[in-house]
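Heads up, the thing below is written out as structure tokens.
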Amino acid sequence: MNMDQMEYRIRDRIKEFLDEDIGYGDITSSTLIPEEQTAKGTLYFKEPGITSGLVEAATVFEILGCQVTAHSKDGEAVKEKQVLLSVNGHARALLMGERLALNIVGRMAGIATQTTKVVNSVKEKNHKTRVAATRKTLPGMREFDKRAVVHGGGDPHRFGLDDCVLIKDNHLELVPSVTEAIKRAKDGISFTKMVEIEVRSLEDAEEAAREGADIIMLDNIAAPEIKEWLGELDKKGLREGFIYEASGGITFENAANYAAAGVDIISMGALTHSVRSLDVKFEIEMVK
Amino acid sequence: MNMDQMEYRIRDRIKEFLDEDIGYGDITSSTLIPEEQTAKGTLYFKEPGITSGLVEAATVFEILGCQVTAHSKDGEAVKEKQVLLSVNGHARALLMGERLALNIVGRMAGIATQTTKVVNSVKEKNHKTRVAATRKTLPGMREFDKRAVVHGGGDPHRFGLDDCVLIKDNHLELVPSVTEAIKRAKDGISFTKMVEIEVRSLEDAEEAAREGADIIMLDNIAAPEIKEWLGELDKKGLREGFIYEASGGITFENAANYAAAGVDIISMGALTHSVRSLDVKFEIEMVK
Amino acid sequence: MNMDQMEYRIRDRIKEFLDEDIGYGDITSSTLIPEEQTAKGTLYFKEPGITSGLVEAATVFEILGCQVTAHSKDGEAVKEKQVLLSVNGHARALLMGERLALNIVGRMAGIATQTTKVVNSVKEKNHKTRVAATRKTLPGMREFDKRAVVHGGGDPHRFGLDDCVLIKDNHLELVPSVTEAIKRAKDGISFTKMVEIEVRSLEDAEEAAREGADIIMLDNIAAPEIKEWLGELDKKGLREGFIYEASGGITFENAANYAAAGVDIISMGALTHSVRSLDVKFEIEMVK
Amino acid sequence: MNMDQMEYRIRDRIKEFLDEDIGYGDITSSTLIPEEQTAKGTLYFKEPGITSGLVEAATVFEILGCQVTAHSKDGEAVKEKQVLLSVNGHARALLMGERLALNIVGRMAGIATQTTKVVNSVKEKNHKTRVAATRKTLPGMREFDKRAVVHGGGDPHRFGLDDCVLIKDNHLELVPSVTEAIKRAKDGISFTKMVEIEVRSLEDAEEAAREGADIIMLDNIAAPEIKEWLGELDKKGLREGFIYEASGGITFENAANYAAAGVDIISMGALTHSVRSLDVKFEIEMVK
Amino acid sequence: MNMDQMEYRIRDRIKEFLDEDIGYGDITSSTLIPEEQTAKGTLYFKEPGITSGLVEAATVFEILGCQVTAHSKDGEAVKEKQVLLSVNGHARALLMGERLALNIVGRMAGIATQTTKVVNSVKEKNHKTRVAATRKTLPGMREFDKRAVVHGGGDPHRFGLDDCVLIKDNHLELVPSVTEAIKRAKDGISFTKMVEIEVRSLEDAEEAAREGADIIMLDNIAAPEIKEWLGELDKKGLREGFIYEASGGITFENAANYAAAGVDIISMGALTHSVRSLDVKFEIEMVK
Amino acid sequence: MNMDQMEYRIRDRIKEFLDEDIGYGDITSSTLIPEEQTAKGTLYFKEPGITSGLVEAATVFEILGCQVTAHSKDGEAVKEKQVLLSVNGHARALLMGERLALNIVGRMAGIATQTTKVVNSVKEKNHKTRVAATRKTLPGMREFDKRAVVHGGGDPHRFGLDDCVLIKDNHLELVPSVTEAIKRAKDGISFTKMVEIEVRSLEDAEEAAREGADIIMLDNIAAPEIKEWLGELDKKGLREGFIYEASGGITFENAANYAAAGVDIISMGALTHSVRSLDVKFEIEMVK
């Protein structure tokens, strides 16, 4: 998984985040700490994890006029207390940027670390199966949440409603048939877009495949049943050339079962909607 | 706890969130669903909880041209499946707004519901103790995260670094004494701002109180020790007229112990930094 | 082709365009025309064409406080002088919005009308062949330019570099082979994205198809040669299940030849980079 | 013609244009091209032309972290294949900026080149006559379109409705007379603004001049008639001290006739509303 | 003097001003005042004055959801305590908008009232002389400051550096002569722009007039001297057809002398750079 | 008084101010002054004063590509003609930035200088009394106006309605009693916020103090009466531990009387709402 870093673009967002936290100024530091006081900060995890958000954290301190050295790249597995970033600058600047850097790295590394755990458990059962996120990201944070999933070895899935077609239950209520739905989609969208459809029966899966859906989501189907379905589809020549995605009711614990059942993709809202932040520390040392 | 709703201000943020999710358009709905098709949606929780984010969700659908009726107000305890909002409008609009509404209500109600649980456990032990959030909110979401804490009966604490003075370890490293730190702060900031200081010993707590700190944070001190300290401070006439806040190492489980120990405020980063989203559902029914 | 109209989103852009044209105010109208003077405006084409930009023009006048009635929908073939929009409001408002409405409809209808001409000539030869735009749109106008292409019956193609993979010459210079390039792309991007590759020889086309490229662009290949290549590919079972796109050197005049040659897609930068604006008129009649 | 370059201001616009094209990232280049790969790009025209947009193109690549050297200045006549800009930087950055640079230079140089052609044909007949643009520019592109006209030797004319007064037909419908219209304008606007009026008869031109209009636009009057009118006006002492502008129905072909007829200004919407983009190339060479 | 009101444009600015004052919410009103409490507000002056900023104040309250009725129009002379606006809405909304409404009306009416005083004193001596503002407005407030000048009967003068040419001392230092400066300006700018030049001697004024400057600013010249100069210029036929502007060292007290000296324009930075706010009151009455 | 400088944040605002003044470009300088011409500028006061706005002025020129050297820091007392900033850069850039730099320094230094005068007169009578601003700042300029007050030795007071509670007359109309109002406020807001209340009688002051208000504003009470009241309050043990603020009807002339009366804070709207700009000069010298 790869995404361009686009520091040029992140910068404006990070500045907005800084504005949110700093407001009219850090009244504590600017009152207590002499303007010319310099300091050195080091960022590390207090538990092992996968790095993510380092570019964002570096940008925080650069905006505040500090020099930042990176000792790791986003997406690496690192140990407890391993130094990831060192920051040199005015003590006031380090104190102003600290909380934001921790908040963003905490979340992103939390997502990346959890993603890697699932990806590993899944790969053990089926090395071809990918773990994907969903659109259950936090408002305003999609880009960062998706990047974190990618750093953890996951697939970002759709970035928005304009990304690929995904025909759901609600859509099918208004269309005569799966066949008609796929036909309308293929006629109606650009040839550069894939068509995905959510199905809940083997018959619908078959119909979708015959009609040329690119991706078929098996929604809320138990792993053993999925295995059986994929076998049936294979017999009918409808397994190869299609992407089968399991979704709904998948937890960090049972994800591997779906991999074992043979699906291509396992998508999990939990990767981003209920995140445990990683425990991250920014240690500041005054430079005398 | 009370905060003005300020729908006028939220509107622009919600529009940004919509832009993030919709991009150039919902290519699925606009292809499959006839433009004139109307629908009705109802938003409810799939588990009991405290409402939060209803104003935000309503705004999502209003921006998209729908009519919204609220059946609850933010901050209420509601039951599973109790209808909170009804939305009437174009089917396409409902489908376009669904995910964002769920993402934002899921997080905010998750925060509010968890906050209420802690608040209740704390109030049982000490009805005067308040539960407060910290600045460990998600970047770009501070306003929403803090509102959710308030809806759950919590105290938002500082909104940013310009809100009140909070003297921490890092600051004290550079100042000769607690006394000097408080003096500098009082001289340096507006008289409209409070001065809070983080201490780790009873001596420092005493010194801070004598010097006129408004709020004294007992950082990472175990509940029994806090009880003892407050007793000592009381003997010296330094308990009344000061706000004592316990912080650090406080979990949903042990929070009540700190209340029992007699502190005024218990602040917990966990309220906002590691949120389990509430399970929220938006049911769409086509209007024939 | 279908795209959601998203008036809610267009509004802000249209307001920016108005700001650009009006600046601190229309010093002529506000000096000469009494404030309370009302007027009626009608928008029509001075030549037959395909409508596009009507939603945008309506938004111009609505922002300025006018009532707008639409007598046509974007994407329709209309006659010379056929009334498309009627606008009622303050005379000053009509005069302030006139130029912007004409500029935007002129360009969008110009694109739509030209697109329809090519689409028709192409469909005559091969009703399955689609005509697509490229990224040769004007800066800041991509959304509008692409909408106009869709209104004209064309395919918008990629909206940006994040839309689908398109491997070009420059990329291939740095990768050992077509096979390796497609492999890297498939491993590196989300499963929701298509992989397109630009080739200049039959061998490369074959290799791309065997490796599972979704779309194969035949770049700067003459129509007769394309016909021959597609025949060869068909013999090898590499025609069906792939999208073949002709691009480069295609003009309004020779486009149909490529359709006759059997390609699925003909993409033309000319649709948007060298547009003749349609001749549009906004007639204002003062209401006494 | 001269306008300050104002790179500081252009930068934000160019960044918006980049965002439009790049979205969440260039998924092709970031997948296929190693991060550390560097490259060199050269920008040139594939046909002779007048340069315009070089500052904008340079800004594109500078935002993306490249080093840019300019070998020409906007407004120069250059030959086919003459190198105009060289760009050094990351290969990914060059590939990300390429399309935008070409789109903007293509349009601006197209406008400049066409403007120069008309200006030259006009100067041959009357070296005092200026060629001017109109407000028929593309929404959001006025600044760039006008700059291109200036680079081509043209006059930008009004930048917006707040720039100078231009009394048109629609205004005159509501005012008793030309005299009254000019009087109202002169009373109603700042003394720093000029008053221009559109007339369609010699009598109105006379009345306008006598009333002190600064600029008199002869709207849709044929060149021979204009010559005659100017003769009449001269006899009455109303030629000197006034600016006469021909507008309406003027094409690239017949513009020189109006110059021969003696007008001061020839204004043409065609300069910006129906632009043929110049054929521009950005050649990328990987640096091993 | 007349300027279009452009409420559509002011709205965004007013919202920014509200954000500045309200921040995360009016914590006093939202705590003390019941949500459903309604109120009525009336805005009036505590001293006689010229109205200005009423549109802005009305917009403040409309953004906050109130109904506003205007009993006066900007630019009118009103008495002490005369009701100018009535506002009905939620008590919280009235309290939130009060300060901003007062701040903006206070400044704008202060400017308008002072302007009217000077205009009247000037008109008494010479009814043709106009009083004009300068670019000495407050950052971010130019539009509002200039509008207020216009409401007071003054001339806004240049809105910015792109408005008309104004050749000053600093420019002349680098150009061989006044003649050359005017020539360069006339060649270099659009024919729609006027050329103004600042002179400090009668000789320079003459040279400027002969060279065709549109406006000649007599900088820091005493009124009696100006009278003499204008006499000399008149004798040489250089008075009519030119605009003579006095500037520099002009106070509210001595302005009329310059009018008596016969200049066309008197420009005064004092109109906007050192403003005494008018005493404005917003009286809120709770609706039981 | 101390506030962090936050250049990173000011930059965007200054750019907006530049856009306001420059628009599409400085048509005078770019026409008359050769592009490569360099110049040196020095900024100084034409009268003694307190510096403020130097960071802002420096930012103006830095955005325009100049090098700036500061010879003073904001908040210093400086003499007439003492050089405060030197600026080196393109002559055009200096000319473009001049007006904005003067406008902003003029206002801020005007505020700072006036503030210092009052602060000094107040300190003479009572060295503990602080002089504070109010929310009577100019729309969009609050941050700058407050900074200037701080540079002059004043207290900024509330930055907005979310800063501390201030219970006014209008609020009290709707609440049964002072006691109830303070109780509601303390229950309803965060413990990090202070509660201030405006009173007009000694009884109310007493009630407010007993109920635990942090700050008690004596609104429109004459200095001798205030002295008496404070005596009474002291006798009842309600003087220490409370902040008493005098407000309303305080002028530059009578402020010291309130200090003599013994209040802690004197707040004056006049500090920011009716500012006399300091006379500031930017001298430009061309570099041959």
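Letters A, B, C, D, E and F mark the chains in the order given here, with residues in each chain numbered from 1 onward.
Heads up, the rule we're going with is that a residue touches a chain if its C-beta (ideal position, glycine included) is under 8 Å from a C-beta of that chain, and two chains touch if they have at least 3 such contacts.
None of these values were measured; they are calculated from a predicted model.
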The chains touching both chain C and chain E are B, D
Same residues or different residues: which describes how chain B and chain C meet, taking over half shared numbers as same?
different
Name whichever of C-E, B-C or E-F reuses the A-B interface, so over half of the contact pairs are the same residue numbers.
E-F
Cα centre of chain B to Cα centre of chain E, whole Å, reads 46
Expressed in whole Å, how far the mean CA point of chain A lies from that of chain E is 53
Residues in chain D with touches to at least two other chains are numbered 2, 22, 24-27, 29-31, 96, 159, 162-164, 188-189, 193
Touching pairs among all chains present in the structure
A-B, A-C, A-D, A-F, B-C, B-E, B-F, C-D, C-E, D-E, D-F, E-F
Residue set of chain D touching chain E in the complex reads 1-2, 130, 132, 155-159, 162-164, 188-194, 196, 215, 241, 243, 264-265
So, in the complex, the side of chain D touching chain C is made of residues 13, 16-17, 20-34, 37, 91, 95-96, 99-100, 102-104, 106-107, 110, 135-142, 144, 159-168, 170-171, 173-175, 181, 184-185, 187-189, 193, 273-277, 284, 286
How about chain B: which of its residues touch chain C in the complex?
15, 18-19, 22, 24-27, 29-31, 63-65, 92, 96
Contact set on chain C toward chain B in their complex:
2-4, 6, 8-9, 143, 146, 159
